[in-house]
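Note that the chains are named A, B, C, D, E and F in the order they appear, and that numbering of residues resets to 1 at the start of each chain.
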Amino acid sequence: MNTHPMKLVTIVCEAHARDAVTRLLREVGAHGWTLFPVEGDGSQGRRLADIPEYANIQVEVILKPEVAERLLERLGGDFFPRYAMIAFESDVRVLRAGKF
Amino acid sequence: MTFFDALAANLLSPAVLFFVLGLVAALTKSDLKFPEALYAGLTIYLLVAIGFKGGVAINEAGLGKVWLPSLAAMALGALIPLWTYPLLRFGGKFAAVDAAAIAAHYGSVSAVTFIAATNYLKAVDQPYENYATAFLAVMESPAILVGVVLGKLATSKRGASDMTSLKAAMHEALFGRSIFLLVGALVVGALCGKRGMDKVEPFFVAPFQGVLALFLLEMGLVAGRRLGDLRKVGPFLLAFGIVMPLLHGCLGVWLGQLTGLGLGGATLLGVLASSASYIAAPAAIRMSLPDANPTYYLTASLAITFPFNIALGIPAYLAVARWLYP
Amino acid sequence: MTFFDALAANLLSPAVLFFVLGLVAALTKSDLKFPEALYAGLTIYLLVAIGFKGGVAINEAGLGKVWLPSLAAMALGALIPLWTYPLLRFGGKFAAVDAAAIAAHYGSVSAVTFIAATNYLKAVDQPYENYATAFLAVMESPAILVGVVLGKLATSKRGASDMTSLKAAMHEALFGRSIFLLVGALVVGALCGKRGMDKVEPFFVAPFQGVLALFLLEMGLVAGRRLGDLRKVGPFLLAFGIVMPLLHGCLGVWLGQLTGLGLGGATLLGVLASSASYIAAPAAIRMSLPDANPTYYLTASLAITFPFNIALGIPAYLAVARWLYP
Amino acid sequence: MTFFDALAANLLSPAVLFFVLGLVAALTKSDLKFPEALYAGLTIYLLVAIGFKGGVAINEAGLGKVWLPSLAAMALGALIPLWTYPLLRFGGKFAAVDAAAIAAHYGSVSAVTFIAATNYLKAVDQPYENYATAFLAVMESPAILVGVVLGKLATSKRGASDMTSLKAAMHEALFGRSIFLLVGALVVGALCGKRGMDKVEPFFVAPFQGVLALFLLEMGLVAGRRLGDLRKVGPFLLAFGIVMPLLHGCLGVWLGQLTGLGLGGATLLGVLASSASYIAAPAAIRMSLPDANPTYYLTASLAITFPFNIALGIPAYLAVARWLYP
Amino acid sequence: MNTHPMKLVTIVCEAHARDAVTRLLREVGAHGWTLFPVEGDGSQGRRLADIPEYANIQVEVILKPEVAERLLERLGGDFFPRYAMIAFESDVRVLRAGKF
Amino acid sequence: MNTHPMKLVTIVCEAHARDAVTRLLREVGAHGWTLFPVEGDGSQGRRLADIPEYANIQVEVILKPEVAERLLERLGGDFFPRYAMIAFESDVRVLRAGKF
């Protein structure tokens, strides 16, 4: 099967950042995203998944390498100072490159 | 009934005891946990039920009776940040943005505290104006907006991005989940009136007190998890979280009397003034004043003022009202 | 009571007003959301309650009274696709597979519409046969199977994989979650009878109307999110989604009278005929006619016919029944 | 009422029929599924309701009446593993760790079976001591600790890590979710008494039987998914899962009579003795005896003893009690 | 620790495809899978996680490289035309290679 | 944007192992973790997500390579014999290396 190299960017953050993050994804040019309700622990303490307003989410998005670069740039610049958040990137190979 | 009887009636009610049980669960690190969907379901139920009941009451009392105390409630909410902010800033030496954030929380209100208070009044057979839910509805947002503006002015790096975050806070304060449900159910209730109430009473009224007891178990868990942060907030905020609610409670009761409410309604206005938000305000503040430290405002409203009001404040405001009213 | 009184009674009922509130929430992009588990819990409750009540009614009325109108209901469901399909295909110029899919949805039924109709009849003090739930149970599947066969015949690339997907649709239509719960609870109710009902009445009957109101708030949200697609479906489908339910509603009422049902039961058969499925049918169609475009069938059933029936259709079918019955 | 009437009353009750419906759903591979949050919500409701009711009963009866049968219940729970272990080890040829694990499950108790039994007693108008919930609360843990110690002794590679896992099991058995809720609600109920009960009765008492019926539908699903493992456990465990409950049931009823309980209370003690845990015990055993095979203990308690007790055991223990009591 | 290279295939799709996807996994020879309830946005619109029947799922499966190849082949051929779906592959190293 | 190579260790296991796993993460020196409620199928049978006590979880943790090594060591030695579990490692690049 023909697969195409892409970047997978993963963002874990407090649920309050949800709208801001999905807006940012659209701005940088993502064609879609996938969101998980998660529990977490980190430097800003434990986040249980009980009150929606205090909860944690993970967002995964597949992007062309140059778009991923732009996304990480924006995350590091505008978002990290504001929100409890981590972000990382990895390499994947997708079917149907046209979608991303 | 003396104040101590009234206090005992509160402390030995299922609602308060289940709240304490939740605190115990959090402190003993029991693995008890309410799933998010259950929390959401209970919240939706409580807000819709209280809103609907309030709307039916407005339908029966007529807007003529409701508008003046509602306006007073709104004004009180908007004004509270104007004295709590400087107190925190200069008395408590908090950073401007933290002072503004905390002030916003104390001007806004806690729906659960309000609901627990109506529950308590029913238990001690103290009648109250059911349309008081309208005050709850109008008091949630104004203080949040005032607090956000205070915070923005203080940090003073105003600009385009600032206006967007102010707009976001406004949208959150006006269209957020909880305010939408409350106001929406209020309107539905006002349109349905008594005839609609008859149909849904066995669901929205009869089991209400039991559902509240169960929900306070969860809120005890949530508040209890924050108790560990009490050490981080310092003695000033601790005192603030108990003294200011008492002052605001008296102020609210007095304003209620002034605007023509009965003893029960004035008590509820006192409860609203004294309570601090821990759902709507944090959501809006997190977005528009992200530099404010959540440990301060959440610990104060959730781990100090909320339990204080549930256990002691509510009977105290009723005692104040009884003393004020002839 | 005139038709306009009956209509007003419906439009000002808590159930319909909460539905509208949900629509408003969706249109104003409020962040109100029911978690999936709450949706599932409400659905399970409503289906089990309505099924159980229907079963108890069958136990009391005896199968002798139930079989004939049930058979008629089943036949009506199976036949509806036979005229809606060509209408959509040649009148509406839809692709064969889309026409078949839409036809399947309109032959099948919406349990929530049925439940809202029983609610309405109770509110206007119109008695009805409780065993009408049996018609709901038997009308869900036949049209789906007919629609799938029509779609397969039209696309005509029949073969082994086709038979499997037909079998999958059949399994989905007969053993899917909702039909299983409904039929299962019906059987349980029929076995328990009145004695069993006495025990569970405070849970399955008393709060039912309130739970329905809350659930319709969620259904308003779900339907409201589809309103944006109205532009995509064209005027033909819009008219289809209102006119066909009215025709099928009259047909259903008339068939009810023919098979010996009372005024209330005939109204409910009209409601069933007029309603379009948006849970069971989409699931089955997605699996067996994957080339059909969900925008068409979901928008028509969920954003056009469902709100139309909830607000206007139900009182209209009752008016038709009142006019038909001496 | 003869035994067969009593049996029929049980088998045709909504609770048991919905349980059977759940079994059928699992066996026909229907896609019916209760989301985890719904399961959690139902469990929390049932445990809190039964605990609260029990606490109110203790408040009214006084501890004087409760302590002796409670002590007897605890002792019985702790002792049961002492004969079931050797029986499984040498009669059933099970590995030591599996025998210990199964013994722990049968000494401990099933809250759902207990709740179903109170439900049944109410249905057949057999009064019982409401404070029997106290026995449920004290019988959950002791057998688990005994079973874990037996398993550790048998595998005999004792050491530091062993003590930690024993401590973990103890913590799980004493502070786990379900025992915490049950004991906590019991204490809350004992503090509130009758006055508290009046407020929450429409939520915790009236709908209880209906909620139980719905929950047993889910438990039927859960048990049904394990039925496939019956083949793996062999005829010895199959017989064990039916015969031992019957013996323990008689023993419990007799001990109830001995310690001064009435006919209803003795029946409930029999039910507790006969029931096997499938929530608390598996959690503790999984942590402290990880080498034990879950297929054995879960299949025995969940797929054999649980359905047996729900359908046949409960009426049988009542019959035994009726025969023993003059 | 000894780790062994494997492929991780991730599939995000509408919940309707659930049974078809897990059946396919068994057919191609997977020994297990992990499934997440997710929310998502993509070319076929937003998928909220509220009605189970309209929801989104993510399935992750660890496979030997040749099996992964076969799985992607089947997904691209039979599934992409039928369902709202994306799929991608990445490299992981597992403990206990024998399990996969 | 400056990204830094790290290891992502993923653990899928029965919910009973939850406390033991998060304790282990703290022991080996992780600064945070993210937890997902999941459904799964594997050699020890199907795990539905209905009863919390019988459920499945996935834990993801980002670590420095040497810490990841230590974690896998401990998982393979102490945990695999006790719990229904799989674990694997992959390469990611994070923003803000200092956090991990």
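Methods note: a residue touches a chain if its C-beta (ideal position, glycine included) is under 8 Å from a C-beta of that chain, and two chains touch if they have at least 3 such contacts.
Not measured: the values here are computed from a predicted model.
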Centroid comparison with subunit E (C-alpha atoms), farthest chain: B
Look at all chain centres (mean of CA atoms) and spot the one farthest from the centre of subunit D. A
Chain centre separation in whole Å, for subunit E relative to subunit A (CA means): 19
Where the CA atoms of subunit B average out and where those of subunit F average out, how many Å apart are those spots? 40
Roughly how far is subunit C from subunit F, going centre to centre by Cα mean, in whole Å? 46
Quick check: what residues of subunit B touch more than one other chain, meaning two or more? 33-38, 40-41, 206-207
Counting only residues that touch at least 2 other chains, which ones in subunit F make the list? 36-37, 49, 90-91
Mind pulling up the subunit D residues that touch subunit B in the complex? 35-38, 40-41, 44-45, 48, 52, 175-177, 180-181, 184-185, 187-188, 191-192, 195-196, 199-204, 206-207
Where on subunit C does subunit E make contact in their complex? 33-36, 39-40, 218, 221-222, 225, 279, 282-283, 286-287, 290-291
Complex contact set, residues of subunit A against subunit E: 1, 3, 6, 8, 22, 31-37, 62, 90-96, 99
Can you list the subunit E residues touching subunit C in their complex? 14, 16, 20, 37, 48-55, 81-83
Of all residues in subunit F, which touch subunit E in the complex? 10, 12, 36-43, 49, 56, 58, 69, 72-73, 75-76, 80, 86-91
